[in-house]
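These are the structures, in structure tokens.
Both complexes below contain subunit A, partnered by subunit B and then by subunit C.
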Partner chain A sequence: MAYRRVYCELSWFMKLIEAVVYGSLLGGAYAVIGIGMSLTLGVMEVMNIAHGEIILLSSYLAYQLLLLLGMDPLLSAIPLSLFLLTLGFFLQKYCLSRALKYSVEMFVITTLAISTILENVYLLIWSPMQKALITGYLLWSCEVGGIKVPFVFLLDFFVSIAVLVTLREFLKKTYLGMAIRASSEDWKIAQLMGINTDNIRALTLGLAFLTAGIAGVLIGLTYPFSPSIGKSYMVIAFGIVVLGGLGSMIGTFIGGLIIGLVQVLTATFFDPAWQLFASYLVIFIILALRPKGVLGR
Partner chain B sequence: MIRAWQNFPLKKYWPATLMIVILLFIPLIGLSAYMVTFLTLYFIFLSMAEMWNFLAGYGGFFSLGQGAFVGLAGYMLGILTDFGCPTYAALIISSSVSAAFAAVVSKPLFRVKGVYFSVGSLALTEMMRIFFTSWRPPWASPVTWGGAGIPIKAAAYITRIEIYYVALILALISILVVKIALNSKIGLNVIAICDDEDAALSCGMPTFRYKLFLLVICAFFTGLAGATFYLYQGYIEPVSGFGVNWTLIPLMATIIGGLRSVEGPIFGAFISTILYLQLVRYLGLSLILQGVIVILFVFLAPKGLRGLFDKLKKGSGG
Partner chain C sequence: MMEEDNILEINNLSVYYGGLRVVHNVSFNVRKGEVFALIGSNGAGKSSILSAIMGLSSYTGTIKFLGKKIDHLKTYQRIALGLTLAPESSAAIFSRFTVLENLLIGSYLNRAEREKMLERVFKLFPILKERMNQPADKLSGGERKMLLIGRALMSNPKLLLLDEVSLGLSPLITDKIYEACKEINSQGVTILLVEQNVWKALEFANRACIIEAGKITRVGKADELLDEESIRRAYLGL
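So, the complex of A and B:
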């Protein structure tokens, strides 16, 4: 989860432009991390602490598919995200719904336990060493006005926009999406209108897992990953929800951009070791000053 | 003074008093090193569990960031004793730093209600971990700090028996503080805020002050317990100091014993300590097992053993 700049001499101004471009592009990938968290918080009013570990699950499974079958990670993203959709659906329907019925806090505790279990299972299976999805197009880049833009960063940005737009249209236009929005407004009324809210919750967690699956492949292509990094993903997802406010795709996107920009600007102009700390600090400052997000009233 | 002792309800409290007297004298008889270690860890975990129970069970703030207080106090203990501060003063100062830190972060944490507090506190712990992994103070020697952590010098000059007594007193004071706070006006107000904050606020209660008090007390004693643990361990590094296990241990102890009961953690911490000591060599496995136990208790007995016990009693009664 650490942005590293390839060393070359650039003027101060070019460095700034480069940092802004890279930060915005990476911000796209962060928006995909955050959208799942925003969805569960908006509809179910809970946060899934294991969100980061689910993202890592997708990264590790893509790594394993690449290793065993030579399957391209972008290709394996499709079956992986569908697998995670079903996993999320059944996990909520038969397991987590019991905790949620008891109280919201019990849900959070259960997902904390799941996240701890998953992290240590990854440690046992894949060792604490860093892994990466290494593909042929990892080194491609295109040059725009003197700035080299890696292909992977562009991929992050455009795939994330596609995911956000698709999700927005799904929630706005389809019957299922409308049912999800209706239940996020008011549970009881939605139930009275004949919506099976249990299934809606299960579907919401499934959708959050689906976006986590896509995010896992994107982040796996961008950064190396290790079992302990899941918590950082979770904190970034939380930060995006805090920065962007709830229930808007644009807010989520802006939250991703802010975190990406803070991270890359800190790495370029201050010290790469402090990039994650800087983005976390921004999250807490925003939480203290504007608890409803930068766009919120 | 004598009158006060005569009024002491010995009949009601004699098992607890007997237990405390036994625990006070037990190391003098000559206990095996393993037993002393076990009891020391038990007292430390018990104190953490009581405080987490106070914060989560009674206050309704499910903190997942106890590691921030533990790690901060541990680091402060290391720094202070490095500069020649006497051990016991360093213990108190480091836990006060932890409490002050809680007061500072209470503003963003209490800003938004509900799950934001839980996840925000977890995010805070991660932030602290990254800070102590990256930060190198100017006086640092080249081999310590950063990811390598720092040794705690005071650990060399203190005996295991001394730490046992520190931990015992700490556990007793934690239980007493929670008991006294719950019986006083503060405890009632805290419970009222947990049940319905808006109603409490509309009754004219300064809710923020009580929430702040709750968090600061909790941070102080959790920090003290953490500093005692690192005094025993003799070494602190960021990954374990700010780790999630500092949340999981008190959480599991409370969930097993039963949320919202002062007696629950006394039993739950016992199981936590057994698991910790038996599986300390297989850290990954231990954490997996802790996670599984927490999930099982949430699903099968969300009110813990106390709830099960009550159910059993009711079932046999009628």
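So, the complex of A and C:
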């Protein structure tokens, strides 16, 4: 009897450790989903409703490149991110800037339109069926202290950290990065520094798209995707950014970790159907106690 | 006065906020190398004129800089020509930046000369060098003003617009800042000054104009204006 109790407790403890490890690693992938949203919300002070569909665009294009050319998704992440950087830049410069000049609401409605258009395009081209980026290394895993960790989870985590650190250094150390930060504080004063703030807005959306491109490949490697899942990405990204604190890269990472942990712990000890509910309950409680988020200014 | 001696020519300038006209058909010139002051009470429209010159407010009329119309240019293009503004509000510093970062962003269009300009700014305001790694929002009011002027200088301007240099500062700090402004002017930078402290402004400026309710009521040499009975009574309480 005593042996059985010890065994149950040990098994429960192992399950907890496993959930914490998986949750943290998944949190890394969530952080990448959130970075783009963090940039648009923190710097441009607007919400891009199509953020999830842009992530999905990268997943689908990586899928197509894998299917047609046999290109490894990790390799295709490079041209896809550069393509999305360019797309984001020109979309803001020649289309969304007009909406934004009119009002923030118009920008949001325009991105809602883009989101709906993209979702329907995905349905037309790739059908409502789920797709996945299937590669050989999906089966790889490593065992640490008796816990089997899939390679893609580690990939999500470490690529996420690399993206966050690179972006942070770019924002801190380069003139363009400083111009983005200056513009996020005060557009008018930034103009007095000689900064072309229209171009900086376009670059910001371009960078948000670039990170969405990386997120699309990572998430596509981790989970199957379908045309309607973009909205869920957007909801998760929004939660992460608000939770972490607007304008803080480290906050976005911490927000990702919290949501990742809450989701995996809920799925392990309660019911996977309650994952999103539990995430938003935690977001609600944290924001009620600290409205500016964990590391918000 | 030859036209080419003017660095800035303002003709029939009217400035608008929303639908409201706050400056009415103002015309004046600023000559190369001089200090020109716009004097008037709070709300007279002085800062609105500076804002229009920088392309930050909507206006009618024409503004010429170095003999060329700049009305079609955006703010960053005007900065590239050699115009710059040190704003009135100490909130105009980038509070999330360090002092050094604030100065560096001022050289956004003048990166090649940034070391030289930094040296020049630190020579004018040694306190900024001492505090260069501190967050800018930890500076005192006077230090913030110095940072605003220093940051404006980083673009190596030909014409520096100074908005309310002495506002909210102690007489001692005001004197220090005016000393630095004299030094800046002696280095060949033309200054267009907006000031409520009429005494200080007229002491510092070569020429000045008085603005009341958005209109110019008097233009002349600063020392002559300082001697005028009506001005001494209205603005200096003498």
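The working rule: the second predicted complex is superposed on the first by the 278 of 297 C-alpha atoms of A that agree within 3 Å, B and C clash if a C-alpha of one lies under 4 Å from a C-alpha of the other, contacts with A are read in each partner's own complex, and residues count from 1 in each chain.
In this text, a contact is a pair of C-beta atoms (placed from the backbone, for glycine too) under 8 Å apart; a residue touches a chain by one contact, two chains touch by 3 or more.
Since we're looking at a predicted model, the values are computed, not measured.
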Of the partners subunit B and subunit C, which touch A:I125 in the superposed model: first, second, both, neither?
neither
Based on the superposed arrangement, let me know which partner A:N196 touches: subunit B (first), subunit C (second), both, or neither?
second
Who does A:Y102 touch here: subunit B (first), subunit C (second), both, or neither?
first
Partner chain(s) touched by A:G239 [first = subunit B, second = subunit C, both, neither]:
first
Return first, second, both or neither, reflecting whether A:E185 touches subunit B, subunit C, both chains, or no partner chain.
second
May I ask you to name which of subunit B and subunit C touches more residues of subunit A?
B
Which residues of subunit A touch subunit C once you look at their complex with the stated criterion?
175, 178-179, 181-182, 185-186, 188-189, 191-197, 297
In their shared complex, at which residues does subunit B touch subunit A?
56, 60, 62, 64, 105, 107-109, 111-112, 114-116, 118-120, 122-124, 126-127, 130-131, 134, 239, 244, 247-248, 251, 255, 284-285, 287-288, 290-292, 294-295, 298-299, 302
Subunit A-touching residues of subunit C, taken from the complex the two chains share
54, 56, 74-76, 79-80, 84-85, 87, 92, 94-97, 101, 104-106, 108-111, 151-152, 155
Taking the complex as given, what residues does subunit A use to touch subunit B?
41, 45-47, 49, 95, 98-99, 102, 104-106, 108-110, 112-114, 116-117, 119-121, 123-124, 228, 231-232, 234-235, 238-239, 242, 271, 273-274, 276-277, 280-281, 283-285, 287-288, 291
